[in-house]
Every structure is written in structure tokens, then in C-alpha cells.
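Here the chain labels run A, B, C, D, E, F and G in written order, and each chain numbers its own residues starting at 1.
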Amino acid sequence: MTVKPLGDRVVIKNCEAEETTKSGLILTSAAKEKPQMAIVIAVGPGGNVDGKEITMNVKAGEKVIYSKYAGTEVKVDGEELIIVRQSDILAVVE
Amino acid sequence: MTVKPLGDRVVIKNCEAEETTKSGLILTSAAKEKPQMAIVIAVGPGGNVDGKEITMNVKAGEKVIYSKYAGTEVKVDGEELIIVRQSDILAVVE
Amino acid sequence: MTVKPLGDRVVIKNCEAEETTKSGLILTSAAKEKPQMAIVIAVGPGGNVDGKEITMNVKAGEKVIYSKYAGTEVKVDGEELIIVRQSDILAVVE
Amino acid sequence: MTVKPLGDRVVIKNCEAEETTKSGLILTSAAKEKPQMAIVIAVGPGGNVDGKEITMNVKAGEKVIYSKYAGTEVKVDGEELIIVRQSDILAVVE
Amino acid sequence: MTVKPLGDRVVIKNCEAEETTKSGLILTSAAKEKPQMAIVIAVGPGGNVDGKEITMNVKAGEKVIYSKYAGTEVKVDGEELIIVRQSDILAVVE
Amino acid sequence: MTVKPLGDRVVIKNCEAEETTKSGLILTSAAKEKPQMAIVIAVGPGGNVDGKEITMNVKAGEKVIYSKYAGTEVKVDGEELIIVRQSDILAVVE
Amino acid sequence: MTVKPLGDRVVIKNCEAEETTKSGLILTSAAKEKPQMAIVIAVGPGGNVDGKEITMNVKAGEKVIYSKYAGTEVKVDGEELIIVRQSDILAVVE
């Protein structure tokens, strides 16, 4: 079962706690939004979104920092996925 | 009796609980919006919507995940339908 | 006495309860807006509305589902009419 | 003393209660806005309003239905006038 | 000392109570905004204002009706002036 | 140490109380915003600001009236400076 | 581990208290936003951001004053970083 995001939506999956510790990245909670690290699973096609032309700049497989509260959680085939707008992704981590 | 959505509206119909279980998709409720899986029944023509040019990217028959609170429920000929804007549809499930 | 809507406004008239029952359409109330079925009485010319170019897509005589709270009720010559923006009309019913 | 409205503003004057009764138009109060019938006294030139190009579609002398709460009341030479934006005028009554 | 307004700002000065009475104009207070009569002292150049192209339509010396709460009061050389945006000026009075 | 404002930001410095009294300008507090007189210290380059093309119309050395609550105060080398958007500057005083 | 900001995002790092004192810059807290001095670590590519064309005007290594509450704090490899939009950076300090 595949989840194909529409427009400027991106499907991401939280990195597990173990992996986060290994990589040395610890996320502190800011005043208004809890950022989190995730892996990009699928990227919408962008293009005409609500009358605006949107270019997609993230790729499946990339590790990203995103704003947690903006997303919608879904559980597909046992995997917990999150669907966010690309504008809720703050940075790519390499 | 047919419901033909206007502009960027899409008519969808919730998947029944049985079917959802079979497919293995379980939806958890996020902080602000309860996503749900539905089947697309009819798609508006898009085009000029409130002065913006909108392209429609979903098709009748597709399974989609949408944000529940955005829609309007109507009951037509015994069927419970939901009318949402295309921007309230997050992803297509295949 | 004729009510000619301006801009993207549409004059509609609620279908009577009897007629609604006959057609088999029953409207349930959603979380935020009570949809209703109505007949289009008159349609504004569209065009330049608040600096945006609006195309009108409904025609007098069509049955429509609309969002109740957006409209303004007026009683003209004994008939209860409702003036809504076209964007408050969700779908045409055939 | 003449009031010349600017931009997309329109000067209107409420129809008197007697006249309203004669014409058979009775206005009921909707949930959010009290519509009223008025006669157009003067119409702004339209054109560049806040960076948007506005076309004026009402003429002095026309009877209109408008949304009461949007307007500003002024009393000039004993006459109570109301200054509204054209977008607060819902329909012309003929 | 001269106050030269920027962008779409206009410097106005309230008409004195005596003058207002002579002209027969009495201003009643509306639900949301208290309109007032004033004389235009200086007009900004318009042009590029916040990325929008604004045309100025009032001239120094004109009597105008404006929405009181939008302005900023300053006292220069003993004169009480008000700085408003042109969009807060509703009409010119002749 | 020099503060170079970005985009449509302007660095200003409040005129001292003594100077204000000498010039005869006394500022009264309006309903929503406390205006103040200041001297322009540095002006951002304007240009592309948040996707809008902004032209800068104030120059270093000019005396301006601004809306106090919009700015951000910083103390650099003992001087109290304020960083405001150009749109928060209401007028130039000559 | 490198954090590469997306769109108009900028990764910054607060200057240490010691350094701030040496340079003579003391930041006072304004009514609505606490400004802070930081060093730019990485700058997003700008370009198409939410359908608007954004030009980036800060460079890695520059000292900047920013609005604190707008950012998202992350801790990467022991370093506390902040991700802000470029529009939250008020000025460059030289």
C-alpha cells in the first residue's frame, strides 16, 4: 500500500529514538513548535497548488527537520507516517 | 440523483470500517485534524476558482486521505457523501 | 419585483421540505456549516469582483447544495430568498 | 453640500419604512448580518483601490440590498446617509 | 515645521466644532467606526506602497469624512494633526 | 560597530526630549499606537522583500514620525536604536 | 553533520554572552519581540518559496540581529542552532 502525496505535501517518517541518539542530534522544544527529525518517504508533484506554482526541493530518502504540529499522522501497514506541506520542512540534514 | 461539485470541490465517500481493517490502514487522530480514508465519487472542473486558476489532480475511484473537519456532509439517496475542497485531500492511497 | 445580484452573488431559494423528502435527499448537519439544498433564482454577472476576475458557473433553475451560514436572507413579495457568494455553493444536484 | 465617495465607496440612503411596506419587501435578519434596502445617492469612481482595479456596477438612483454592519453613518444637511464599500452591496432591486 | 506624509498616508486636521455646526453637517457614531470631518493638509506621493501601486485621489484643502480610529494623532507647532492612510478617507465633502 | 538593516527595515534613533521641546513638536498618544519622532540612522536596500518589490523613500538624517509599537529596540555602543519597517514610518518632518 | 536550510530559511547560532559584552552590544527587550545577536551558519537557496520569488541577502559568517520568537531551536552535535526565515533577520552588524 503506497501513499502518494498531492500538491506540495510530503510524506515523512520519524527517525527512531535509537538512531537519533547515535547521530548525535538532540532536538530541544522551542517556544511555539516542536521540531523533529524524519526521513522523507514520498514527495508530492508540486506544480499548481491553490493557484500558486510550487517547486519541490526535497527528495525521498533525505533526512529533514520539520515543525511537528503542522502534520497529519496516519498509520499505513503498521508504519506511522506523517503528511506535511513542504513549507513545514525547515532543513535537510546531511 | 447526481451531485456535481463546483470549482475545486470534490465529492468523496468514507470507506467502510470493514474495508479499512482489511487493507491494514489504521488512522490515528493528530492534534488538529482527524484524517480519514475515502473514495472519490466526483471531481469539480477546477479552472477559475475565486480568481485563481486551479488544476484538479484527483480522479473518481481513487482512494484518498483527507482532513475530516474541512468537509460538508450530505446524505443523497441513502448514501453519506462528503464535499471537500481538493486542498483538503492530503494524499492518494494505492 | 426582481432581485438582481451583483458581482459573484447568487440569489437562491430553499427547496420546500415536501419536495426534499420526495427526492430522497436528506441533509445532515456537519461540524461547522449546515448545508442545504436550494434552487438558483438569479446569478450575478461575475467579472471584476474585488479586483479578481470571477467566472459564474451556476444557472438559474439549477438545484444546488450550499453552506447555510454564509448567506443573507431577504423576503421579497412573500418569497424567502437567500443571497450567497458563488463560492458558498458546493455542488449542483441533478 | 455634496458627499463624493472615494475609490469603491458608495453613498446610500435607507428607504423609509412606509415605502418599504408599499413595495412588499420585508427584510428578515440573518445570523450574521442585517440586510437593508437603500437608494444609491452617489458612487465612487472605482479604478485603483488599494492596488486593485475595481469596476463600479451600481448607479445613483438604484434600489439596493446591503449588509448593514459594514457601513459608516453620516448625517448631512439633515439627511442620514451611509457610506459602504461596493462589495457590501448584495443586489439591485427592480 | 512641515509634516510630509510617506506612501499612501494623508495628513488631515479636524474641522473645528463651530465650523461644523455652520455647515449643517452632524456626524452620528456608527457601530464600529466614528467618522469625522477634516481638512486635508498634506498628501503622500502614493506610488509603490508595500509592493502595491497606489494612486492618490485627495488634494490638500479638500474637506473629507474619515474613519477616526485608523489615524495617528500628532501635535505640531500647536496644531493637532492626524495621519491616516488614504483608504481610511471615505468621501470628499463639497 | 554599524547596524545595516535588511530589506525594508530602517534603523532610527529617538530624538532627545530637550530637542523635541525646542522644535515645538509635542506628540499626543492616539488610541492604538504611540507615535514618536526619530532621526533615520540607516536605511535598508529595499528591493525584493518577501516576494514584493519595495522602494525605499526615507534617507539617513531625516526626521520622521513613526508608530512606536512596531519597532525592535537594540542598544549598540551605548546608543539606543530602533529597527522598524519602512511602512511603520508615517511622515518626514522638515 | 550539516544542516542545510530550505527555501528562505537561515540557520543561525547565538553569540556567546562573553563575546556580546566585549563588542559593546547590549540588547534590550522590546514590547513584542526579544531581539538577539547571532552568527549566520547556513543560508537557504531562496528562489520559489510558497509561490513567491525570494532573494537571499545574508551570508554565512555575518553577524545579525533577529527576532527571537520566530525561530526553531535544534541541537546538532552539541551545538545549539536556530532556524529562522530570512524575514525574521532585522539587520546585519559590522
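Of note:
Just so it is clear, contacts are C-beta pairs under 8 Å (C-beta built on N, C-alpha and C of every residue); 3 or more make two chains touch, one makes a residue touch a chain.
Per UniProt, the chains are A, B, C, D, E, F, G = Co-chaperone GroES.
Since the model is a prediction, treat every value here as computed from it, not as a measurement.
The rotation relating chain B (Co-chaperone GroES) to chain D (Co-chaperone GroES), fitted on Cα atoms, comes to 105°, given as a multiple of 5.
For the pair chain B (Co-chaperone GroES) and chain E (Co-chaperone GroES), the distance between mean C-alpha positions equals 50 Å.
The mean-CA centres of chain C (Co-chaperone GroES) and chain D (Co-chaperone GroES) are about 22 angstrom from one another, to the nearest whole unit.
Contact of a single residue of chain C (Co-chaperone GroES) with at least two other chains is seen at positions 49.
From chain E (Co-chaperone GroES), with the walk directed at chain F (Co-chaperone GroES), the chains encountered around the ring are E, F, G, A, B, C, D.
Considering their complex, residues 1-7, 9, 11, 44-45, 47-51, 69, 71-78, 80, 83 of chain F (Co-chaperone GroES) touch chain G (Co-chaperone GroES).
Taken together, the chain G (Co-chaperone GroES) residues at the contact with chain F (Co-chaperone GroES) in this complex read 23-33, 35, 49, 52-55, 57-58, 65, 67, 86-87, 89-94.
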